[in-house]
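I've put the structures underneath this note.
Across the two complexes that follow, chain A remains constant while its partner is chain B and subsequently chain C.
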Partner chain A sequence: MTLNQMKIKATLENYVFIFPAVIIFSVFYIIPFIWMFQLGLTDWDGISFTRAFVGLHNFKEILQDNNWWQSVRNAGYITLIALTFQNILAFMLAWACDREIRMKNFYRVIFFIPPVLSAVVVGLVWRFIINDVEGANIINRVLVQLGFSNLAHNWLSDPKTALTTVALVHCWQGFGWGFLIFLAGLQTIPRELYEAARIDGADSWQAFKKITLPLMVPVIVLVAILTVLGTMNVFALIISLVGGEFAGHTSVPVLRIYYSMMRSSRFGYACAQGVTFGMMLVVISFIQYRFIRKPGKIKC
Partner chain B sequence: MLFKNVLLGIFVIFSVLGCSGQKGDLKSTVTVWHWMTDRAAAFQELAKQYETLAGVKVNFELYAPSDAYAQKIRAAAQGINLPDVFGILGEKRDFALFIRAGHILDLTPYMDANSATWKNSFFPKALAVNEFTPNNSYGIIPGIYGVPIDILTIQMVYNKKLFSHLGLNPDQPPKTLDEFLKIGPKIKAAGLQGLVSGWGETWMINCFASNYAFNIMGKDKVLATIRGEVSYTDPDWIKVFSVFKQLQDSGVLAQGLVTMINKSAEQLFANEKAVFAFNGSWCVNVYQGMNSKLEYGAMLPSQASAKYPMSIWGGAGSSFMINARSKNKEEAVKFLIWLTAQDQQAYLAKTTNNLPANKNSLSEIPEVLAQFSRGMDYATHPNIWGISEFSPVIEALDRGIQSILIGEKTPEQVAAEVQKIKEKELAKRRVN
Partner chain C sequence: MLNRFYYKSKKIILNSLIHIFLISVAITCVYPLLWMIVSSLKTQETIFKDISLIPSQLRLENYFLAWKAGGFGGHFLNSVVYTITVVFAIVIISSLAAYAFSRLRFKGSKLLFYMFMIAMMIPVPGSFVALFMLLNKLHLRDTPIGYILCMISVGLSVSIFLFKTFFDKMPQELEDTARIDGCSKFGIWWHVALPLARPVLAVVVVFNALNVWNEYILALIIFDSRRHMPLQVALQAFQGEFVTNYPLLMAGLTITALPIIVVYLLMQKYIVKGVASQEVFG
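Take a look at the complex of A and B:
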């Protein structure tokens, strides 16, 4: 066998290995996405066998749809809270559990319980905890006990606090994923680096700043991408917490897409919304991915 | 030789088993997809009875919750693999889409057969929900396309014990809106919750608003509004929106009503924490399960005007349709005729506390259920109006009312916003 033949064989072998994955990815992701885009160009009710081609009309309508953009803003707000509050909390807890503290394995298990619960269950449990009419009103009782009775109110039915409450419950449920990934990332950092830093006279903060943070940048970006994708798609939690859009205050894109399909029977428009939303997430993820490719640009 | 004998033996065994299997398959099977968890056991029992009686196996397959069921039906329609019998959860326009796509059998010939015996066994309003009249706005060939399994009305219920506690006469619920509003301060002073309902899910808000629209301006003007001939900024519509502001200001509404889901509302009422609930007649079964000692009565929403009668949503609760492409459609029709006959309807009413669609099966129902059934005299439903409001307009209306309830917008602002959406939709229709 010549060198060329060996190369060709090796290349073919590689293709054979990735072929099943390519087929599965194409059938379940690429083709449906293309089909969805195609449906987004039609006026289709989801039942009829005929679909009227309307070109980019649905996409133009999305641009003028205030309810849609309000839902995007709401999802963006929840994502911002998740990116900051949720991930900082997850990072701090992972950092704490990475050190030699008592019962660290117990904490690891406890922190990972919320993410494995169903969003519907989490929503109903928190509804019970928060709500002062239907539930145990625990939050308000604690506030009163602490002397903040002026803050006690119906958190989910107040337009000023409903979305933030949803965001915080989402963070409570989601921080476990970040915690687990951060912890795995922290455990890959060689301990020798910390020992060397300590010998050189670095304190804990300096070791964190000069060793932990720079080496964790790819993990932080990965968690950020997953947070954005997971949070922008929030849906079941909102349904179970506030029953729906609450005069638009808790409306999110996936809810809008669902309503377009199931309430208005506008499958074509819903597909266009889905494609637009998907493209938005791809662009955001791509921008975040660029940070991984150029970690040197991030200065800590 | 031994190998050949073994092969021959296996062939004979499989042939015999194959034949016996074929014999068993000769029995027809009608498949029904439904979403009614509360009726699942009763349906299974009736299916057994029917199999014994007619030799036809009926498979009731439950898919819940109703949202998931609605999605499953749509997906099955797109894939042309709907079962023999199914229900459609949605508005009349969704029903029309299924008919237009050829998924639903026209039952008119069966209903009219034998001097319309089957047709005449139903409450007319229950049947009307499944009927498309001549010149309907959906462009559907006139006919009856569904079979009502039960009927329902959506109205108010009140707790008699809490009424006495508030110093009110438990046999005289408030008839006018003013009387109703005056109870608000008493409820607040007693530390109770007022009206509870699933208004977080919005469609019940739409239902409540529709009741008052009919009461304040009458059916003709409501339908004229849907046709685009009357503006939502009309003073009568402002009055309708103002009802919600009055209710909120009086304290007669429960706290957090605007994000309340109906299951929570049912729990609050069943646990005697709320004085009023706005709910459908299905609640009788729900309350029975949650608190069998609950003393309550049904009432119409309190009238805001004496000019027109109060209307409530009612008619067919659940309906079954027959797949026009099914090979078993004749068997399916026969089964539905049997299922909606007097005895089977009485059995369903008794075991599930739902109002029967067969008007001859109303005996032996609990008093509170009878009160709900009397509400049928005032019942109407968007599905029998022959015209549907645009979905974005309904959404704007529901959202707007939620905004009024949280004090974010005035009735006038909401009216203007709803009208703006309406004009946009009318303009779109003109272009198309």
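Take a look at the complex of A and C:
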């Protein structure tokens, strides 16, 4: 074998290493991604051989699609609750665990059980705990015992409370993520900083405000980005918990996309919805990402 | 003296308040699971009437019924097969690629690596619509192999990223020694790099296993025929089709959830490490 041939063989060998990954990823990830943009410009029922090119018509229709925007609002509402309630709870729990305290590991193990469960399991179990049959509803029973019997009702089949109930179950499943990331972040803060602050006469609230919070800003932004991406894409939980969009009260964008495709057989429109929503998410995470860079540079 | 007593009691009160807070959240985390397991042992009549967490009788035959008549046995096997195949393939394929990106020099390596990384950051809600069409064209829809290939592609980016970060930090000398001993590139990857990467390997395995076992939406659109369905989709279908037999459904849910909880409790260390490594992205 000449030197040249050996060189070629070595190069080919290198490509063999990446070949399976590149092929599978291109075919099942990149191509659908690109194809989605192209299909978004067509009107197609998914069966017929001809696809009518309609330009930006689908996107125009999305702008006027009330069902779509309601689903975006619903997802935004769930995300808002997750960003505030869920992440504040996670932060408080992490802060409570970031000290010399007994059973720290026990708490850490327990708090991450809900996130490892699937959305289907979580949705179906909570569905039968809080709804459907009155007798089993532990929350209603507690309310009745406390004397608030007028508040006890079917939380998931009341249009007023359905979405909030979904949001709270979502928070129940998700706070463990934030908790673990916050805890990991808190543990990187050097203990000496707190001691120095104590010697300087700062109380624990001041230390929290002047040391913990500023140093945690990058972690908080990271958790916020992960929360937004995770929550805006909620789908399986809605299906299992409510069973569907409940006349629009619990519809979310991914559910709308799924219905456009499976129920109305409008594949082009479904793709356009996917593209629109994907771009919205990219913009939102980009805005959040800007926050990481700026305050992160301020060291105390 | 009084002062010291004051501080000590203040500390005790604060600590107990913290514990009460933590314990009440912990109870909220565990209660639904206990309710699920206990309900799976009751009868259709008592399941919603008797809400105590200690069942009056244990109907273990619910599990037998769920496994056979409910069909959960077959779906359980499907889930196991999908999970093992996908995780095994991801480990091999992504570690090969990550090793090449980290150690071997070839044209386009940077570009291809960035392709994987950018794909990880761009959210693609609804790309399942195009994927559905693609699988239809390739005649892979409603087949296990189609689902497995899709799930492999989902897990590749993150796994390549985790492996590459590890390989970048790995000392070069070990590989040089192996090369001098006449080891081929593949030999080095298999005999040197992969065994050294065991801690990352565990993170990759656990995370992908959780991901595949819990996956719902792709399985929902890919499978029409019942016999191929994994547990998650089958549960939802079981729930929707008949007047629900609640104890059987709860038994099915327990069958679905328990393996994951056991794996989690055993591999807890690696999961915590994997979650903490998400900070790398920030």
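The working rule: the second predicted complex is superposed on the first by the 258 of 300 C-alpha atoms of A that agree within 3 Å, B and C clash if a C-alpha of one lies under 4 Å from a C-alpha of the other, contacts with A are read in each partner's own complex, and residues count from 1 in each chain.
Simple rule for what comes next: a residue touches a chain if its C-beta (ideal position, glycine included) is under 8 Å from a C-beta of that chain, and two chains touch if they have at least 3 such contacts.
The shown structure was predicted, so the numbers you read here are calculated from the model rather than taken from an experiment.
Visitor: Both complexes share chain A, so when I overlay them there, do chain B and chain C fit or clash?
Guide: Once both complexes are aligned on chain A, chain B and chain C clash.
Visitor: So which one touches more of the residues on chain A, chain B or chain C?
Guide: Partner touching more chain A residues in the overlay: C.
Visitor: Kindly classify A:273 by the partners it touches after superposition: chain B alone (first), chain C alone (second), both, or neither?
Guide: second
Visitor: Does chain B (first) or chain C (second) touch A:195, or do both, or does neither?
Guide: Touch status of A:195: no partner.
Visitor: Between chain B (first) and chain C (second), which does A:46 come into contact with in this model arrangement: first, second, both, or neither?
Guide: both
Visitor: May I ask you to decide whether A:245 touches chain B, chain C, both, or neither, giving the answer as first, second, both or neither?
Guide: A:245 contacts chain B only, not chain C.
Visitor: Quick one: classify A:263 as touching chain B (first), chain C (second), both or neither.
Guide: The first partner, chain B, only.
Visitor: Going by the contact rule set out at the top, does A:203 touch chain B (first), chain C (second), both, or neither?
Guide: In the superposition, A:203 contacts neither chain B nor chain C.
Visitor: Quick check on the superposed pair: does A:18 touch chain B, chain C, both, or neither? Answer first, second, both or neither.
Guide: In the superposition, A:18 contacts chain C only.
Visitor: Once the structures are lined up on chain A, find the stretch of chain C hitting chain B; candidates are 74-82, 218-226, 254-262 or 272-280.
Guide: 218-226
Visitor: Show me the chain A residues, by the header's touch rule, that chain B contacts in one structure and chain C contacts in the other.
Guide: Dual-contact residues (chain A): 46, 133, 243, 262.
Visitor: Report the residues of chain B in contact with chain A in the complex, numbered from low to high.
Guide: Answer in residue numbers: 67, 70-71, 74, 77-78, 90, 93-94, 97-98, 100-101, 103, 193, 198, 200-202, 254-261, 264, 267-268, 273, 391-392, 395, 399-400, 402-403, 406, 408.
Visitor: Residues of chain A touching chain C in their complex?
Guide: Chain A residues touching chain C: 11, 13-15, 17-18, 20-22, 24-25, 27-33, 35-36, 39, 46, 89, 92-93, 96-97, 101-103, 106-114, 116-122, 124-126, 128-129, 133, 135-136, 138, 141, 172, 176-177, 180-181, 184-185, 218-219, 221-222, 225-226, 229, 232-233, 235-236, 239-240, 243, 253-254, 257-258, 261-262, 267, 270-271, 273-275, 277-278, 281-282, 285, 292.
Visitor: For chain C, which residues count as touching chain A in their complex?
Guide: 15, 18-19, 21-22, 25-26, 28-33, 35-36, 39, 47-49, 51, 92-94, 96-97, 99-101, 104-106, 109, 112, 115-116, 119, 122-134, 149-150, 152-154, 156-157, 160, 185, 189, 210, 213-214, 216-217, 221, 232, 235-236, 239-240, 246, 249-250, 253, 256-257, 260-261, 264-265, 268, 271-272, 275-276, 278-279, 281-282
Visitor: Across the complex, what residues on chain A touch chain B?
Guide: Touch residues, chain A against chain B: 45-49, 67, 127, 131-134, 154, 156-159, 162, 241-248, 259, 262-266.
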